[in-house]
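Order as written gives the chain letters A, B and C; numbering starts at 1 within each chain.
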Amino acid sequence: MSLFITYQSAPSLIRFGVDLLSSTVWRPADDPELEKYGLLAPVVGSLYVSVLATLITFPLSVTLTFTITEILHKRLRDFLRSIVEIMGGLPTVVYGLWGSTVLAPYLRDFIMQPLYDHLGFIPIFSCKPVSGYSILTASLVLAIASTPYVTALLIEGYNMIPAKYKEGIICLGATKYETFKLLYGLLKPYVIASLLLSLSRALGETTIVALTVGNAMKLTLCLFDSTHTIPSLIASQFESARLYTYAMPTLFAGGLLLLLISLGASYVGIKKMYDWRSKIHV
Amino acid sequence: MSAYAVEIKNLKVSIKGVEILRSIDMKIRKNTISVIMGPSGSGKSTLLRTLNRLTDFMDGIRVEGSVFVLGRDIFTVDPYELRRKVVLVSQEPNPFPHMTIYDNVALPARLNGIARSKQELNEIVKWALEKVMLWDEVKNRLRDYPHTLSGGQRQRLCLARALAAKPEILLLDEPTANIDPSNTFKIEESLRELKEDLTIVMVTHMPHQAARVADHVALLYGGVIVEEGPAKEVFMNPRSEITNNFLRGVI
Amino acid sequence: MSRRQALRKYKSYLMQLLMIFISITAVTPLFSIFYTAVSRGGRTLLEAGLSFITDLPPTPLSTRVGGIAPALVGSFLATLLAIVISVPVAFFIAFLVTEFPNTIFSKSSEVFIRSFSGIPSIIVSMFVYSAVVIRMGTQSLLAGSIALSIVTLPYAYVYLTSALRSVPETIREAAMSLGMNRLKALRYVYVGVSRRYILTGILVSYVRAFGDTAPLLFTIGFLMNSVFAGLLQPSNALPILIFVYALSPYEIFHKVAWGATLLLIIIYLVLFLVSRSLLRGVKL
């Protein structure tokens, strides 16, 4: 596979093998000789943000899929489809800028602050929202940007369902909504596969995250808190990392980990898709 | 209440400008097996699908004329309501692959709320599977999935599923076209029993099958009904040359 | 209609309404984005006038908005170069894979290239940094283009294979029976038949590359004091500029970022519409 690229990163990893041990620590301090890095925060951050974003994408994309394929009539359907297509190709930096300038303040004032005030005893709401740059904001914008991709995949999957099953459920007198439930049942493995692919993409997403997650080296599970993901760490520290001995290799190590998880997720997703494709045509 | 289950007057159907059915007049009595036969492409499937308004989903379709089912104009009633009473079984077996055999049959009963308890549901499933003579073959593996069944068993499963909906009219589109003789025999047996409970309208391109099961038969050729009448009469003394040719396998 | 059936019916209507509502919510952000871009970016563009396209970026404390010329030039050139590098390679491989589908080369190419698209683009950036930038001693337009081309390659490949596969079998047979060898057939027949599809593929690849930030992050540099310094010198790009300025605390930079964003959106929409209308003319 792309061991080619892995090979480039690997020397950096070997050079800094110690890092693997200190990965459980999350105190990165880049003093020259006393350098100590731990990637726990960005790793947890990456997973947290990406998984949350994918979970948000799930209902949005499934709903969009059925709305586009079944509910709307030609004109509206094409219109909605075009909008989704435009959203799908829109440069991520635009999403990021919008997320940081428009959505973050709005979320902070109207969603995070009230939740913190009233429901602050729940752990994921228990930190005071300061800037609006947080796990929640990043996940939300990431979800909005990922939904078109998953929707496109799901529509493709929908079109692969043999027409006889659609006919079958209609002929039994099912309502439109009941038809959706059945079609969703048929699509379920494919939906999961698509979400895995979306997860893979979300993990590698840099621009949106770097602009909305707060870029704080902090291990936290609170939704309103700033943290780092591996790409955002790389994006913000790369320039200055050149000046130190072990900073760069650490970043490469993070990148390697990211690559492995990302490729793993997409591999499972693609395999699931192939399996589903052969089963559905029985 | 009308004595007829289905009354069709001057039905014309065209798809994208091409005339499929030119002018159909037909009356189907309740609790009978009516067979619409004809060569491939004569519009039999379209006629059948008009009866449960599956035609609503066809691109570019134009339907004129009147169709009354169970005394009501099908174009004024709620189509979903219609399809609950008039259930169609497709030519290609289509059991839902992600549901167990039990769940497949139980589905319409669950949706329609016919069963009010688990017990009642079990009974309906058993009844439906017995009617299609599938019960003995699957009673020990109701939790299995349809792909473990043979083609003929799958088609019978679809038939059982349709029965579990307790329809008043059963529409069958070439129900044994892809089925081996023994399964065909079983299905035909089931149909004869079933007409006590409901009205059956069946489409086939095999004249011998029509001869075996039909009470009433109509030959559809070139978009019109060329001949119709009680099965015995049509088969013994066909009035039209076309009927003759069809029965002899020429067309 | 019994009460239960009526309930089913209304439940279905209700759910459909809910689904439409959720769908609208899912696409509303786009309108918010456009609105903000037009209002904030528009303000910037009006303030700066045409010089936005020709001037250099402002300093943090300046009052004039300045312009984004280096970024515009850099974007267009880098993307162009990336396409020039990746499309021929993608095309060549696509041709071989569609003509000789059963060789080891073809099968492994498919897998190899498709896995390329699973690589996070920031990793590509890191890779090109260590392979090219370090060796050259400086960030450069060239390095950025190389990074972009690596990211663009899988997409171009997928499009081009679709385009070539869309050539009907009958035409292939006709070409072969006229005695053309595969290469000639490609040049004279296949490309002609699928040219709209191919053009659309190239255009779509260009659009993707134009908006991509991460590959350029460590590779292209951040040229501010001249419009163009040479292929082997640092340059700039529109998404990069927006990204860096968005992260900065200065008000003036935010203004420029929104102005640049509006331009980026306009360019994106224009290219999008062009590729759409090209695709509509494709008869397969």
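The criterion applied here is as follows: contacts are C-beta pairs under 8 Å (C-beta built on N, C-alpha and C of every residue); 3 or more make two chains touch, one makes a residue touch a chain.
Just so it is clear, the structure is predicted and the values come from calculations on it, not from any experiment.
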Which chain has its C-alpha centroid farthest away from the centroid of chain B? C
Can you figure out the chain closest to the middle, judged by Cα centres? A
So how far apart, in whole Å, are chain B and chain C when each is placed at the average of its C-alpha atoms? 53
Expressed in whole Å, how far the mean CA point of chain A lies from that of chain B is 49
Per the C-alpha centroid definition, the whole-Å distance linking chain A and chain C comes out as 20
Multi-partner residues in chain B (2 or more other chains touched) are 80-81, 84, 111-112
Residues of chain A whose C-beta touches two or more other chains: 175, 178
Could you check chain C for residues that touch two or more other chains and list them? 8-9
In the complex of these two chains, what residues of chain C are touching chain B? 1, 4-5, 8-9
Write out the stretch or stretches of chain B touching chain A in their complex. 52, 54, 57, 80-81, 83-85, 87-90, 92, 94, 96-99, 107-108, 111-112, 147, 158, 161-162, 165
Can you list the residues on chain A that touch chain C in the complex? 1-2, 5, 8-9, 59-61, 63-64, 66-68, 71-72, 80, 83-87, 89-98, 100-102, 144, 147, 175-178, 180, 200, 203-207, 210-211, 231, 234-235, 238-239, 251-252, 255, 258-259, 262-263, 266-267
Report the residues of chain C in contact with chain A in the complex, numbered from low to high. 8-9, 11-12, 15-16, 19-20, 22-23, 25-27, 29-30, 32-33, 36-37, 40, 111-112, 115-116, 118-124, 126-127, 129-131, 207-208, 210-214, 217-218, 239, 242-243, 246-247, 254, 257-258, 261, 264-265, 268-269, 272
Which residues, counting only chain B, touch chain C once they are in their complex? 78, 80-81, 84, 111-113
